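Presented sequentially are two complexes of subunit A, the first with subunit B as partner and the second with subunit C.
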Partner chain A sequence: MPIEIPKDKWPGSVREITLGATAADGGTRTSTVTVGGEKALPYMHFEAQMPHKPVIALEIRDRLPDDWSTLLLEHWGDTAKDPAAWAKAAEATGVELLQLTLSLTDADGNPNTPENAVAVVKSVLAATGLPLLVFGTGQAEMDNVLLVAVAEATQGERLVLGICEDKNYRTIVAAAMANGHLVNGRTPMDVNLSKQLNILISDMGLPMDRILMDPTTGALGYGIEYGFSVMERLRMAALQGDSMTQQPMLVTPGFEAWKTKESKVGKDVPAEWGDWLKRAIHWETMTATALIESGADIVVLRHPESVKRIRVAIDELSAVPEMA
Partner chain B sequence: MAEHTVVFDAAAEVSVPRGTLLADAARKAGVEISQPCGGQGRCGRCAVKVTKDGVRRRSTLRLSAEDVEAGYALACQTVVEGDTEVTVPAQEKIARLLTTDRTVAQVQVPTGYSAAADQTIKRFGLTLTPPSMVDQTDDWSRFTAGLRQQAGIELGHISLPLMRQLGAVLREGEWQVTVVLDLAEEAAPRLIAALPGLLPDSAPLWGAAVDIGTTTVSLWLVDLLSGEVQVQTAEYNRQISRGEDVISRIIYGSKNDGGQEMRGLVLESIGQLLERGCRRAKIDASEVMKMTIVGNSTMMHLLLGIPAASIRLSPFVTAVNQVPPFRAEDVGIGIHPEATVDCIPGIASYVGADITAGVLSSGMDDTESISLFIDIGTNGEIVLGSHDWLVTCACSAGPAFEGAGVMHGMRATRGAIEEVWINGSTYEPSFRVIGGGQPQGVCGSGLLALLAEMFLTGILDKGGNLNSSLPTDRVREGEHGLEYVISWGHETKNGDGPANDIVITRVDVDNLIRAKASIYAGFTILADSVGFPLEAVDQVLVGGSFGKYINVEKAVQIGLLPDMPWEGFQFLGNTAVKGAYLALLDKHARARISDIASRMTYIELSADNSFFEAFTSALFLPHTDMDRFPTVAKALQPELETEE
Partner chain C sequence: MYIIGENIHIISPKVKDALRAKDASFFQELAIKQAEAGASCLDLNLGPRKKDWEEVFPWMVKTVEAVSDLPLCFDSTNLLGIEAGLKSVTKAQPIINSTSAEAERLANVPPLAKKYNARLIALTMGKSGIPVSADERVNIALEILIPRALELDFPISDLIIDPLVLTVSGCQEYCPELIEAVRTIQYAWDPPPPISVGLSNVSNAVPHKNRPIINQVYCAMLMGAGLNMMIADPLDQGLMETIRILEERDESSNAGQLYLKIHDRVAAMEEPQFEDVDMSDPEQAAIWKTVQILYNKVIYADSYLEQAAV
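Let's look at the complex of A and B:
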């Protein structure tokens, strides 16, 4: 006897957002990436097909990072000393996006400058054809100077500029608005705060199809359940028709996983923790997979091995099973 | 183009082209009409009365249907389309006319109040036969017999100090004596005072109603015979220096001799108000024969010197909810030592006598319509219900709306800015100061108005961030981040120089937004708890130490009060002290408070995380969920269009 599977019909959907612009659209990218468009909860293919699979970004820095795990530095080796080379190597792993983080200082401890930031961004754009996300240093005054310069120097590229926060978003949004870019807004694991930042950004006049939201998450064992549930609730609000929550979600499992003790520390840990590298990759992979299942549209990773595994997970989740 | 004649105040006549704004016509005629909001139709201060109709109103946002019916029009939103005549009312008159301004209801003696039937404190004059060699009855027996025969009262209690004085008093008055009794306990009347001589019947019999707020202490002096309030006075609670909220006060009071110190501080506050009040009434404090006190449970414990620590600790019980009456001397209050001090009962640790008294004074327990009652204070107590049911909760709002914990905040007294408008194009403020003259600071209603005006003019975004890119030097970087200058030092009572500028800082804005979010979240949780839609309440009753009035529209615009028709709001002023006053006068009202206390259901907000959810949702101007504030969304719309 055939079984009728009950289906939810949602009134709302996630906005479709395109990152990067090709020459035809005023940019220099060789490809663009479109995310969002979901009309049902993640991977409920029988209710509505997902128009776009989640995509993977690799994080690179404008200089050799001094706060990254040695496992990552060993993997990237000398390429991490040159942002353009690093970008090329990252592109070769098959990711759809690159995410460049600017540093507060240069290797000698001098403050970063707009000239340097622009030069690095331009060299990365020249080295690869992928759409790019440029995140600031995390210090508001510095970011407002660096990101404005970057935005102006790369007009029309549809970069994603970040990170907008509720106390510091105006300058970044204005720069994105004036130069044809997108923004990423981050809020600390709260449905209301995510929605509020979307409202603040859109109140400035930036079209909603140029806003990504990062609801923030925690790594496996470090509060991922809370992040998962916030993302799930944001997605349900979006599907229920709440216009100000219908942005595609970006999360940074690479950043979160690689700051845990389990990934960072290789010595003086219990023997049963097992092989350090294996453990660290597992940590990043498990964190990212859970977030993809909760509805993430973009995951930012750090290790190419994790990229491989997440690619498999995405493909398997996205495969539409034969329905009887 | 056709020209029309406009006559102002039957004096100034001017001819203008069809379509001219009334405000422009007035300027041409040399008639002053103030436009604090810059002619955007927002503030309503340019309301004029059209006595001969030849105008078209483009917007009547700030006028009610009755106002329009009466001929009122906003000069900045009204165009001339025919010959017309206009009267320009005095500013003060306009200020009171607008429907959005809810002036505090005047205190009136309760209808039908009769000291004989309702008052428990009674005064009698006795004339006794002097003792002689043929009548060697002792003083005490002579006194009680006189009382029995002339007043029909069998005395139950007298204190030893009174008995010691009795003989001297009787002789000083040459066997005429005025007696004050407490008849609350019918079977055993208690002697409060025996005074030499007789008083005229018209001499007041003094009582005091006191509200001990966490932030503000209020005291009213009342003639118990006529029921009239003779003096109203208020001051900050001196305990503030030992913590802003009840929790920190309890902690302080539990340490070392903190309890004694806290008791001393609140007694000092009451003493200060008594002294001021009695000076105004030209009486001695010892003439006050009864004091009725309300306050939250913590304040009551600290006043009585009863350890309050259990209020803070699970399972959150008070030492006492129903406090029996005490002698003033035992409590430590400097009125007549034998005077009765009556503490109104509370319900639970966080729902005290202030809220039961508030419900009594609001009358919401006595009507069929569904009321939402809020006492906006440091603890925002909220009650929803009718005569059939009452639910209540308490949310910690902080002292911001009482003007405390805000850089230039002050109580609603002379020199406080109580209303603010900001010009939408120049960002220049104009304001009204209590008592006129130069400002000293901003009180609760002023802060509320300021927040709304800064929000509507774009100085604040919905998240409460100040916009530093506006063409005004009033938004500047201060010691605590961005701030807005309301009044330059040289315009204030504080003196010249930037240090004396009256400003509102980013931190102040955050405090105010948190306070309003806490209160609004309380509304939503309370309404949810009984499944009653907030928008469906019949009336919203607002109490609090705002001063004389509250601007309802602005309170809605910032998301403090629910978005309902303005007519549904009533501002009751300090409902707690008013409740104390009613209980002071009338034993039946006093009994009703106990009844209210027994009928209220208390909703504990910390039981789950739904309050926090509602709180973060309300931490936005006016609210994250704009659908809850349709009229505010509408008011913001035209501004968005002009920005495009």
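Let's look at the complex of A and C:
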């Protein structure tokens, strides 16, 4: 007897968003990336084809980070001392996007400056043709100064500027709006706040096809199940037709996983935890895989080995099985 | 609707100041105002009063009873304070607010209610917190709260089950479940135990301007499910008007007709339908959007009323 597989037909879909602009569209990127467009829950290929696979970004910094695991610093070596070189090396791993995070201070502890931020962003744009996400330091006043300068100096590139939060989004959104960029909004693991921030950003007049959302996820063992549920709920609302939840989701499993003790610490941990590097890569990979399965459109990673593994996971999940 | 007036509450800075100053006339005015507005009972939430309970609880009873015959509802975690208050009551049968299904509360609070012939609000909340699903909340009433009352020979008609309203801003998935809990608990005993909820909890953490409509729409839904007792603000004229419309089945206004439809749909175990609503009427559109968030159909956001209906 033939078995009929029940299929959901959803009235809504996720917005399609294109990152980066080539010369033809007023930018300098050699390629662009389009995400979103889903019409069904993740990888339910029998219900609706996914128009775009999730994409991978690697995170780089404007200078050698002070707070990264030595495993990451050892891997990148001297490359991490020069953002342009780092960007090139990151591009060589086959990622589709780069996320450049600005630091609060220089190596000597002096505050970062708009001039420096612009110079670094320009050097990265010159070194690679990939679309770029530029994230601030996480400190509102500093971010507003740095990101406005960056936005103006890179007009038309369709960068993603982050991070917009409910307490600090106006200046960044205005800068994106005036200079042809996109924004990333981050909210602390709460569906209501995610939706509200999308509303607030769109109320300023930024078109919805220039807004990504990061619902914050936690890492494996550190609340990822809450993050998973929030993403799932947001995606279901999007498919049900709730316009203010239909943004593609950007998540940062690299940031989340590499701040856990399991990844960060190699000494004085139980012997049964095993090899440190293996464990750290597993942590980043497992975190990212769970998020991809809950609907992430962009995953930002830190270690190239994780990039390789997540690439395999995405390809396998995206392969449409032959239906009997 | 039996309304337990919630306005004497320590969370209000005015109440706090008046209590510190032992300003009897402040509390007497607030009691009279609530009674005149239609309260059937007065909640007294004075906080735990760990240091001065012996004096404060009897003082408040004496102060309020001097101007009102309404029953008093002692809303505190301090059982010694509640007992001091109960001892001072000279008028109507009081209410204790509340016990939960946690062993320690259940061991101590119901005997106190029994001893002083007080009614008792019992929360469907165990030691692991408030369950989401209606069934689990009903089970707590059925398997823990009612048996405990029977064990003490405490009249079920004095056991007021509170299945717990949580806010739509953050606990949205609880909102539709509570409606079903209210409906089902009525079948938990014969005759049904009284059921009460703290209505305004549904709009905790919601911007001030949106609280009234959320409270009113939820009230209509809960009345449809059979709710006839709640802790609420009797001075909220919009809420009192909604209750009046529903009780008198006043179809003279468009919004009133919609409230009645929502009430009747819930009563018939149906969900309100889009065709019940004239979306060209802003008031009705706002009510519909509120129904959608309270049924957890559309994710709540502070600006939900400004968004296009889904």
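Here, the second predicted complex is superposed on the first by the 324 of 324 C-alpha atoms of A that agree within 3 Å, B and C clash if a C-alpha of one lies under 4 Å from a C-alpha of the other, contacts with A are read in each partner's own complex, and residues count from 1 in each chain.
Throughout what follows, a residue touches a chain if its C-beta (ideal position, glycine included) is under 8 Å from a C-beta of that chain, and two chains touch if they have at least 3 such contacts.
These figures come from a predicted structure and were not determined experimentally.
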item	value
Overlay on subunit A: subunit C relative to subunit B, clash or fit	clash
Which superposed partner A:L200 touches (first subunit B, second subunit C, both, neither)	both
Partner chain(s) touched by A:L234 [first = subunit B, second = subunit C, both, neither]	second
First (subunit B), second (subunit C), both or neither touched by A:R170	first
Which of subunit B and subunit C A:A85 touches, first, second, both or neither	neither
Residue contacts with subunit A in the superposition, subunit B compared against subunit C	C
Which of subunit B and subunit C A:L104 touches, first, second, both or neither	neither
Touched partner set for A:A140, first subunit B, second subunit C, both or neither	neither
Clash with subunit C, by subunit B stretch, listed 344-352, 434-442 or 470-478	344-352
Residues of subunit A contacting subunit B in one complex and subunit C in the other	190, 192-193, 195-196, 199-200, 203
Complex contacts: residues of subunit C adjacent to subunit A	169-170, 172, 297-303, 306-308, 310
Residues of subunit A defined as touching subunit B within the complex	166-167, 170, 190, 192-193, 195-197, 199-200, 203, 205
Residues of subunit A that touch subunit C when the two form their complex	190-193, 195-196, 199-200, 203, 233-234, 237, 240-245
Of subunit B, residues touching subunit A in the complex	461-463, 465, 467, 469, 613, 616-617, 619-620, 624, 626, 640, 643-644
